[in-house]
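Here come two complexes built around subunit A, the first alongside subunit B, the second alongside subunit C.
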Partner chain A sequence: MRLSAVKPIALVMTREIVITTLLLLGVSFVVFVILYFSPGDPFSVLLQGQMASEEARMGAREALGVSPSWYTQYVSWLVNMFQGNFGTSIRTGLPVLGELIRTGINTLYLTVGSLLVTLAIAIPIALYSSVRGETVFTWPLTMFAYVISALPVFWLGYIFIYFFMHKFNVFPVFSGTGAKFSWLYSLLPIFVLGIGNGTTSEVIRYLRDEMGRVMSEDYIRTARAKGASVWKHSFKEGLLIPVTEMIAAKIPFILGGAVIVEQVFNWPGMGRMAWQAAQDRDFPVIMGIAILAAVFVRMGSMFQRVVYVVVNPRASQE
Partner chain B sequence: MDAPLLKIENLRTYFYSQSKQAFIRSVDGVNLEIARGETLGVVGESGSGKSITALSTMGLISAGPGVISGTIAFQTNGVQKNLLQGLENYVKLTEQDGKVMHVSKNVVGWEKHSDRIMHKIRGKEIAMIFQNPKASMNPFTTVGKQITEAIRLHTKTKDPLEAEDRAAYWLKQVKIDSPRLRLTNYPYGLSGGMCQRAMIAMALACEPSLLIADEPTTGLDATIQSKIVDLLVELKGELGTTTMLISHDISVISRLSDSVAVMYGGTVVECGPARDILATAFESKHPYTTALLTSIPSEQNIKEKGYLQAIEGDVLDTINIPLGCRFYSRCNRVTDAIRKKCESHEPDLREISPGHRVRCWLYFE
Partner chain C sequence: MNRKLLVLLLTLGMISAVSFSADAGSKRDGRPDGGTLSYGEYGRPATLDPVTSNEMISLRLTELIFNGLVGINEKQEIVPELAKSWKISDRGRTYTFFLRKNVTWHQKEGAGEAKLFTAGDVVFTHKIMMHPRTITPLKVRYEFIASVTKIDDYTVKFTLKRPILNALAKFSFKIIPSHGPSNRHFLTREDPFAQSPIGTGPYILKNVTADREIILVANDNYFKGRPHIDKFVAKPFADQNIMTQALMFNAIDMIVLVNPRDIPEIQGDKRYVLQPYNALSYSFFGYNMRNPLLRDKRVRKAFTYAVNRKEMLASFFNRQGTIISGPFAPGSWAYNLAVKPFRFNPEKAMALLKEAGFTKGSDGIMAKGGKKLSLTLKVPIEKESEAVKRVVLAFKNYLKNIGVAIKVEFKEWQSWKEDVFLEHDFDIIFASWVFDDSADISSLFHSAEIGSWKNNFGGYSNPKVDSLIVESKLTLDHEKRRTINRKLHALLADEAPYTFLWTLTNYAAYHKKIRHVAIHPYKYFSFADDWFIPSGSQK
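Entry: the complex of A and B
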């Protein structure tokens, strides 16, 4: 890394962090308002089947220390959050923060893993078709990419479970404790999400076009004319930058896919937690997950910005 | 006299257009010779095939539907080598009723073969500088890295620090101030003229036996243009590198060239010593050369005519090349005596005085 890039990186990071903070405020506000005004609340879930009277509901509110108006509720949640307190889950009574960290790590593992799977499929195909142009393999490869992008992830998940766990016993059925290769179990959802998140064909198309564009740049012709490696010269603009752009752009989609995959594979991640919390109207948990998801998305774009600044000397000047 | 350093014979570079089901004959039978130490100026309007000739020589035509035939004989260490050897094996033409219906080209095989031939030549034996210097340098790498890369690839200097010394030396040779500082600059920090100087340094740093300069002054300001030409003149005097200079600008050609080849419609219409071709006496010249020379905006031309002479008509359509002389439809010197011949037969490139060859019926009888 160039030493001169340290300052611009620090600048970019600060800018991104400021933007992220503002964005998180916005996200939390919007999510809170939607939650508050959507039908149902935690109390109706808590007191379900009890034919609760208005007094009982008020009593429950008071016992939980919930302020009466929505904006004071929001402000108190905000103040608590800034002190690192995300509240306690209404369903389980456990602190939200601990749960978030536990499930967040699992989801991060799943998301990053499946992103790598997607890239591992997309990059070779994109490079092959951008460099070789139209050959007999280009069409089947592109077709293959479109087909796997069109596969719905929940269906793919069950198909994988059926074949690889029950039919061929390639992967262990449970991630249970003690089993020797239980970590293998985690590879399956990663592959399913990596293949079935629906972004593969788009990633291929983007990478192929970018590489193709860079390959026809004048400076690549210069590199060839001086007998240097074309790959070395096209790597930064043709591959590195587009890949980071795709990572940043596709994280939201993959997080969305993770909700389904976590359900199918019983994966203890954020998506499953969100699903459960939404059914229980567990407001503190939903809020926490919304914030964490936004943080993940922003982390992707921060990563992209930093790589861009490191690679592009021009950007670090601005 | 020893054999010329580069001898291009009957070079044809065609691009197949699927939609028109015909070849675009960008270069159509070019013959050129460059003797060691000589500067050959190749002049002609846009689309006359100058740049394609240069790119064919460098083996940079591989991409897409380009098809090359002919021979490009190049001397390396006293051995003559045909740079196009065996390339025809990778192309298959399907013809029907004399029309080319389909061209199938094994692009991968072609490219690998071409790279095998050119591997030891590109950058090392033949270096090239391009027009549009700013776009021709990698914007993501420092100028220094780009020059040292070439030095370490092609010369005995492998040590990074030594290579950097060499790079600084060459930047100084091309008259760049504070070369050490410039080495750490990125191309965007340099002006167009400086970029071109750096490109020249990069090309010369490997001490190639042939330098191809493809429109080195195009895209630069007029004042910078003349400075780059000054630099090239000076370097020519100091280093004596054999150069193939391509330009549409006759004034650039006239300042640098020992011999000149005039190209029109993908072929050479006239070639010979620079003094014969660029002289103001217009008798023994191809009509196209005459027209080119009179269209130079010079004081004399304007005084004589009162306006700037243009060449009537359009650039040759390189798909439907006429049967006869390529310049016939635009020629203003056709006489009744030769009109029939001009229309139906293409003249050869024939010698009319020592070393001076012209492709025109006016001179053969």
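Entry: the complex of A and C
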């Protein structure tokens, strides 16, 4: 790559990283404060099963060496985090970072996979309807997309499981039994989340509008008049950029859906861990998940910015 | 439903020491060895050692991995375990245990020679348990022990602060090895031992997979003889419906606690055995005596008469339970069968409210002196809350019929606990107690237990109840204690500090290929070393 091509990317990346750092600070602070002031005490999970007196509760905090004020707790958490130490789970005593990586990979697999499913459904419909306009085919396709977008993901999950079990007689729940083809089961939650994350119709509409807008641009008309490939001229502006924008915008929604899909399909991911941690007020874990989720979201947006700059290097000056 | 609120002490009849011996090696009982049992758990265990763990999933696992000095058999009698015999002296203040020789600790792969279990380990376990920096539910239960001394490698002496009834049963706490924890003084959840424990029990923890399945393998050197089943696998589930379906599709062989809703489905399938086991728990509506309207026992009794518990149990739980009349679990020896639960009788309820001075207002709500019987019911949201929702909505309707307005507030577990145990901000709650001692209810109704984070959340205070509780605690005579508890039961049934509801029957479900299954009502796997799978079904 020539330097002139790398420079705008580097510029954008630097800017994004600075923004991300500030954002993570903000996220961690807000989450911490909410956690601290929400009812419930993370240490009471340790005392469950005994008649926990006030002394026992204070004793538990003392034994764990937790400082009483929230800001010292926060600062020490922050200092540790910058050294790569996310602390240990109050519930299990396991290091949070290791758990995050283990479950984060599963969740990434689920979200990226389902994003691809969403796009695989949305892009053809969007392209078809933007190129052909309103036809007898586009209307039902769009309707179909709206209907599946409206289906709640937990319901869809149960319906799929029901059909697989009672119609095909297989048990489609992810489990690392190592049985033959058991990995195929993992495609099902990806598929369910892909169509059930509620964003398909929006993605279609956005892509269709963007493509339609580009199609009516003068330069497409010129290309058409010259006999050049319309597709080649409209691809970047009409498809690539809108798709990356959609990916960046929809990651939070898909992460949210993943929490539910992971419950239903017994998927050992971050969402399930978040659910458990929230019940236990296991704040090191919750903070870790919040940070990682924020990183995922920012990664999506960074990816979008980079693509945008690659397509249009001048944008880095903006 | 069975949210653990409280665990008290396990007491059992005192049984004299019987010494029996079984050498390590095969059990030689003619039953086949081999096969794998994978069982489903709703959730994941926090830790796997017996000291820091405090929930049921861990408790069940530690039952497979560890042993106590004494254990109990299927008839609930105390039997020797790591101790082969014992001597009680000094009028019940000294307990001397003579330990079994040649018991080895589990050996991790690649480790050196297996270490022997000795008296040092017993002393070590007690020291770790009682250390101020160890956070464990066991500490409060073993405060009665004044000191532990090692007499020799196979003799250990416990001195009690005072003689207590059924102390022997309390020596069933699990022994951990002195070479186990990396910190020799106290145990925290961060200690590697909490996740990779070493015990003496029938099963050895092999590993925890990336999906958090826990793999246990048979201990060939188990002192009671090698367990029959080669491998136990604990699989965590995040959804109870899916767990039941996993059983139906042979992805697992056993569910330790079946969701009541799924009982009919499993019942109708000949491949499975549905085995009931008694739970020492019950559900109730608890009243806050800080509300002057509820301080009148006639009002509380009226509420109890107004609800049709039989109907609720039948329609929401398929009749899988027993309606109770008083503060003990029906499986307990302290339960007074002569006291019958109040029968559903809305007319009587109305009469009681009238007697208490309430009259119906224009809006249909009963009131007295300008104060309406309009109350807040706080309900914790649980993992599986559907049945709970139905129960509280039915309660609301039943009370509406006698002119009481109930506002139901569902609260997230932790904040519910703060409202109830700290702020005491409620009129009525719906909850369950789970006991591991069926007879000790002192913390629930004694007036000394009123306060922040104490179990008498309703602020119930009655000198008669207090004195009966104290009397029951002080007596060392089992029969006398039984009589006192029966009196206590009758009194509290009439006082109705709670509307006692029911004990639900727990069900385990398992594939019928697993044989000779006996289940301990609380610890579950106590007899699992005798379970077996016929050779033909081992796969």
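Note that the second predicted complex is superposed on the first by the 301 of 318 C-alpha atoms of A that agree within 3 Å, B and C clash if a C-alpha of one lies under 4 Å from a C-alpha of the other, contacts with A are read in each partner's own complex, and residues count from 1 in each chain.
We take it that a residue touches a chain if its C-beta (ideal position, glycine included) is under 8 Å from a C-beta of that chain, and two chains touch if they have at least 3 such contacts.
Just so it is clear, the structure is predicted and the values come from calculations on it, not from any experiment.
> Does the superposition put A:E237 against subunit B (first), subunit C (second), both, or neither?
first
> Would you check which partner chain A:A228 touches, where first means subunit B only, second means subunit C only, and both and neither mean what they say?
After superposing on A, A:A228 lies in contact with subunit B but is clear of subunit C.
> Under the stated touch criterion, which partner chain does A:Q279 make contact with: subunit B (first), subunit C (second), both, or neither?
second
> A:Y219 contacts which: subunit B (first), subunit C (second), both, neither?
Touch status of A:Y219: first partner only.
> Based on the superposed arrangement, let me know which partner A:I90 touches: subunit B (first), subunit C (second), both, or neither?
second
> By the touch definition at the top of the document, which applies to A:I159: first (subunit B), second (subunit C), both, or neither?
The answer is neither, since A:I159 touches no partner chain.
> First (subunit B), second (subunit C), both or neither: which does A:Q263 touch?
In the superposition, A:Q263 contacts subunit C only.
> State the interface residues of subunit B toward subunit A in the complex, per the touch definition above.
58, 60, 63-64, 107-108, 118-119, 122-124, 127-128, 130, 132, 135-142, 149-150, 153-154, 186, 188, 199, 202-203, 206
> Please give the residue numbers of subunit A that touch subunit B in the complex, ascending.
Spelled out, the residues of subunit A in touch with subunit B are 132-133, 135, 216-219, 221-228, 233, 236-237, 311-314.
> Provide the residue numbers of subunit A that touch subunit C in the complex, in ascending order.
38-41, 44-54, 56-57, 59-60, 63-64, 88-94, 102, 158, 161, 165, 170-171, 173, 175-177, 262-266, 268, 272, 275-276, 279, 281
> Please output the residues of subunit C touching subunit A within their complex, sorted ascending.
Per the stated touch rule, the residues are 4, 6-7, 43-44, 46-47, 52, 54-55, 132-135, 137, 139-141, 186, 188-191, 194-195, 209-213, 235-239, 241-242, 245-246, 248-251, 412-415, 417-419, 443, 452-455.
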